[in-house]
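One structure follows; several queries about it will come next.
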Amino acid sequence: MKYEITVGDITRLVTIEREPGNGPISHRISWVEVSDDGVGEEETHLVDLLRPSPEAFNMLIDGESWEAGCTPLSDGSGGYLVDVVGVTMAVGVVDPRRKALRLGSAHAGGLVATQMPGRVVRVMVAVGEAVKKGQPLIVVEAMKMENELKSPIDGTIGEIYVASGGTVESGAKLLRVDA
Amino acid sequence: MKYEITVGDITRLVTIEREPGNGPISHRISWVEVSDDGVGEEETHLVDLLRPSPEAFNMLIDGESWEAGCTPLSDGSGGYLVDVVGVTMAVGVVDPRRKALRLGSAHAGGLVATQMPGRVVRVMVAVGEAVKKGQPLIVVEAMKMENELKSPIDGTIGEIYVASGGTVESGAKLLRVDA
Amino acid sequence: MPSATTSPSALRPILKVLVANRGEIAVRVVRACHELGIPTVAVYSEADRAALHVRNAGEAVCIGPAPSSESYLRGERIIEAALRTGANAIHPGYGFLSENAAFARMVVEAGLVWVGPPASAIEAMGSKTRARQHMVAAGVPVVPGTTHAIETEAEALIIAREIGFPVMLKAAGGGGGKGIRKVEHEDEFSSAWRSTKSEASRSFKDDAVYLEKFVSNPKHIEIQVLADQHGTCVHLFERDCSVQRRNQKVVEETPCAVLPDATRLAMAKVAVQAAAAVGYVGAGTIEFLFSQASGEFYFLEMNTRLQVEHPVTEMVTGIDLVRAQLRIAAGEPLWFSQDDLRQTGHAIEVRIYAEDPANNFAPAPGRISGLREPGGPWVRVDSGVYAGYEVPIHYDPMVAKLICWGSTREEATTRLIRALREYRVRGIHTSIPFLAAILRDPEFQAGNYSTGFLTPERLHRLTQAGENPRIATIAAAIARFEADTRPARASTTASSSSAWKLAARPGGAR
Amino acid sequence: MPSATTSPSALRPILKVLVANRGEIAVRVVRACHELGIPTVAVYSEADRAALHVRNAGEAVCIGPAPSSESYLRGERIIEAALRTGANAIHPGYGFLSENAAFARMVVEAGLVWVGPPASAIEAMGSKTRARQHMVAAGVPVVPGTTHAIETEAEALIIAREIGFPVMLKAAGGGGGKGIRKVEHEDEFSSAWRSTKSEASRSFKDDAVYLEKFVSNPKHIEIQVLADQHGTCVHLFERDCSVQRRNQKVVEETPCAVLPDATRLAMAKVAVQAAAAVGYVGAGTIEFLFSQASGEFYFLEMNTRLQVEHPVTEMVTGIDLVRAQLRIAAGEPLWFSQDDLRQTGHAIEVRIYAEDPANNFAPAPGRISGLREPGGPWVRVDSGVYAGYEVPIHYDPMVAKLICWGSTREEATTRLIRALREYRVRGIHTSIPFLAAILRDPEFQAGNYSTGFLTPERLHRLTQAGENPRIATIAAAIARFEADTRPARASTTASSSSAWKLAARPGGAR
């Protein structure tokens, strides 16, 4: 299988296969890094995988013992929230075939979504209202902290999906700004 | 639903129902204790159940907070290995309808089974050999301890299901003594 | 008006304790009670049925909907729950109603034991201006400034000029790092005055504001005290809580690495004086600002309750502060003297929050998909969560505290770094990598850091550290690949790769 | 023949440690290394890919099939793994190869650092008769009896008569409670002689047997020592390990509740003498029998390695014994003196086994379906397992150790009872209820128990305690009912009853 995997600003084109035979190695993984400067050197790793629990990936990678937790991202993108030695990272995983499919039907407007579950404290705009890029639109509260979400573009409020006082899950769409 | 539940030498005929309505109570459980002396008084408990994980049962029972772990017994009998405040007990659970079914087909011979997984160290008898009740038949080792299993009855070895050196799971039949 | 210590000399056995709190501190109090053989009652909001304190307590009573204002802050419901379950004492933990004098009074009037100081002591220390007046009267050094609320902006500006800029504007009713504003120059004064007033009015329902000299680059040092109902008060040395972000403590340690012995003793003496001045009973903390430059220290405020960071004091003194609170509340005289107390070794605490340090510390509630807490020697975990727990959106984002002791500060630090490396909280972001980066910082390790330690530059550096994209790439690739090519199934055992392979072959599953 | 301490004065930095063990002790050693910033290599058998020490170490090497004789006891494979991974030191833990002089020698000859005493010291103490000879020469009191193996039964009987019955027959090469037989009367002597001989020959490949006077109702007291490569040796006080079943320790504590101070000091002095007599280096333990009746004590044997029960000593002295072993092995001189050491407070350890106390302690390997370890103040868990782990059938059934410290013995005891109450090991039987029952036993709480504490009667009583059939009935009924009436599904979050109810309604799942 091939995947495009993104951690921070690094994107890699990854090939992963199950290792045949009876030895301890379970997976063979190789990748090239892709950037604006082109494509980097290929590197390959042999992994002996153990899953002590569904979310835990204990890997002997070329003899080194590493452990990572992988929890599917709540946005349904196929990526994972991955933790390695305490550091948690959102890792994007895209199947290149599906990516091509998705791009064709992607919505061009300015969707505003919440990165955390919480309660909608205030909706400061109405449908049809003209807004500027950076203008505060909506306030979501979680754990006693208020977070103001701003318009990503100049435009008009196309739709509002939530109401003041409602609770929202992580990744939920809040409103749409049309250009 | 009705179940016959046995803990140690106590057997209870239990009726359990899901509690209707939107309140915190999830289950209503009542039972009578049955013994050779007859049937005891009925008692009833209201439970607010939370399952923090599949094997953990956190119960507010009449306002008291109790927690028990329930792991299905490996013998497939429908019972559970239940732990309460550190004490682990094998709890027999029988659906009275199934029990009637089972009794009809039960085998009358002297089956010898192991209560723990381990390795068969020695088989000391052969098929057809006459044995006395209490005679050592087979030795199973687990965790550096050897455990000798003895014949439950006077009889003849009917069948041997395992071989010396083999590993066995908990509850596995080892051999059968025919009366 | 009955005092919280109606009959100071009589023993009043505690038969059952209701813990009026949630999270790790409720779990902490339940543990102390169980060690004393005292049964416990937890209270919980509708959002907290699954909380750890409900699982650990002996009984549990639901006291209302999710918002604290409808549950954990409802004193009358809590007292009703105590009376109904036969609890004869209430432990408030920290936060919520712990420093609410009216609640303390209600508890006592209901005939229950209040595990805390008398309402009068809470009141004396509850207003910052009143506390300053008490302290000045008791001969305790306070930061130069006013001891009364200032009426007008014009008056305030005159005083500010006298003291000299920069100055601090503070809400008299404030606390927890809120309602505080630093004013660098005279031309910022007017807008700072107005915003402090309005925040004070909004947050504390009291717009009284007073003024203090700004002490530059101080350390935040506090002294733990314990006082019984019989007039004995001891101190349990200091805690250095100078690592702060937005006036919130992040790392706490004891002893302070750079406090001269003479200053420690002077500070401790003043703290005992301060407690005595308000008739204090129970566990309390006197906070000071300590100027490394001048060697002087000033009273800041008193916390009339248990502190979040109490464990580090426990680790170096061997005194169980919650057990002590309960015994004191039952009327026992202190069973040790000041001379019996020693600081042995070094202890450091870090607060683990459900937040994303790399994303401006955004709150990160959600389900903890996996959890492995560190263990081994001198590692203490005071946790309020478990694997499978959903961290709710309604409350403080602290999920656990991690405390390590070492025979030296260096040993405690390296042990804490090791324990953080072992700590796995999966499915949500936490402050763990940020905390590990602080502990590795050379200036932290030198020990002479001030409250200005977390500069924007350092904050940026420490929140971006430690990613391992290579391992994350491998793990995510395997996770995706396995999900895409395997039939979904619940894991039933730790499955090794060879078991995986067997499972992949027809009929090969063992 | 090179000595294990070839250049005692030169520092020899430890760059990477291979841990030649498994289970909790391998985890313990890995933790100590990581705190010192030293990378680690785990070794594992084919049955141990999923073991916790493999998860926690930095690297891991498979060294053979499940049976110890083909993996953990294969010295040459372990040394090969160290050389291959660049580890320059080997820590043996306890058990397996830890007291194997030939292995210690092989390690040193391979140019690696052996984290343990010189092979010569292991040999001197490895044979019980040779150890007795060394001790008699060093002026250490030994139990009256022979210091050499006895040739014939007739000769043995003559000596037994001289000493007076009851006597103990002991295999010279024995250890771990094996190869020991008490002979009450002369008429049992012949059969006991023959069975001890044959067990010695079978278990230790050495049929040498010697004879000791039976000390009635003694306490088992041991002294921890630490010696560096520069001739300094200190003791770290005693441990009382008298709670034993089948000569295996079950509960260990320090200080001993009834040891007179003078005896403690005399014992400690003798222990340091004993260690010096064999040129000891590193952490070691001298075991004594202490007769409460006579006040006398006798050398029993020396364990030339870390002990299972080392944590209680760590808790009261503040000395990290594994860290000390590593620093001593690197050539550092001891960084504290005898006068710096104090016993502060009290510590108790219990050993948690996968066994069924109510069923004659039958081993209980299997999958741990759920695990919650206790936490909070002064609770230490040294565990080798995790939730989902399958306890293998091949090795020792100890899954974890639980250690609690308290400022008094009573505080440590009540804390340990609380921690055991919190401890949840699900899916297998464990010794937890038995251990809690011991701690609640009045004779244990009195502290003057002897090695005869666990009489058959008490054992029966303590293994049948604590069942709660009512709660077990309710839980099993709900579990069966839910399984019979719900579609099977993996739990995705802590599901409260109201969520269950919603799920039960058509389209009601949120």
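A, B, C and D label the chains in the order they appear, each numbered from 1.
As a working rule, a contact is a pair of C-beta atoms (placed from the backbone, for glycine too) under 8 Å apart; a residue touches a chain by one contact, two chains touch by 3 or more.
Just so you know, these numbers come straight off a predicted model, no measurement behind them.
Shared contact partners of subunit A and subunit B are C, D.
When the C-beta pairs in contact are tallied for B-C and for A-C, the bigger tally goes to A-C.
Rounded to a whole number, the gap between the C-alpha centres of subunit A and subunit D is 48 angstrom. If you average the CA atoms of subunit C and of subunit D, the two centres end up 38 Å from each other.
Remark: subunit A and subunit C have CA centroids separated by 33 Å (rounded to whole angstrom). Among the residues of subunit B, those in touch with two or more other chains are 24, 48, 50, 52-54, 67. Residue positions 49-50, 56, 386-389, 421, 490-491, 494, 496-497 of subunit D are each in touch with at least two other chains. Every residue of subunit B that touches subunit C in the complex is listed here, in rising order: 24, 48, 50, 52-54, 58, 60, 63-65, 67. Across the interface of their complex, subunit A is touched by residues 42, 49-50, 54-62, 85, 386-389, 490 of subunit D. Only residues 1, 3, 5, 7-8, 10, 12, 14, 16, 18, 22, 24-27, 29, 31, 45, 47-57, 59, 61, 66-72, 74, 78-89, 91, 93, 95, 115-119, 141-145, 147, 167, 170 of subunit B touch subunit D when the two sit together in their complex. The residues of subunit D lying in touch with subunit C in their complex are 27-28, 31, 34-37, 49-50, 56, 311, 314-315, 318-320, 323, 344-345, 367, 372-373, 375-383, 386-390, 407, 411, 414-415, 417-418, 421-422, 490-494, 496-497. Chain contact summary for the complex, subunit D toward subunit B: residues 354, 356, 359, 362-366, 369-370, 393-397, 420-421, 423-430, 432-433, 436, 466-469, 471-481, 483-485, 490-491, 494-498, 500-501, 504.
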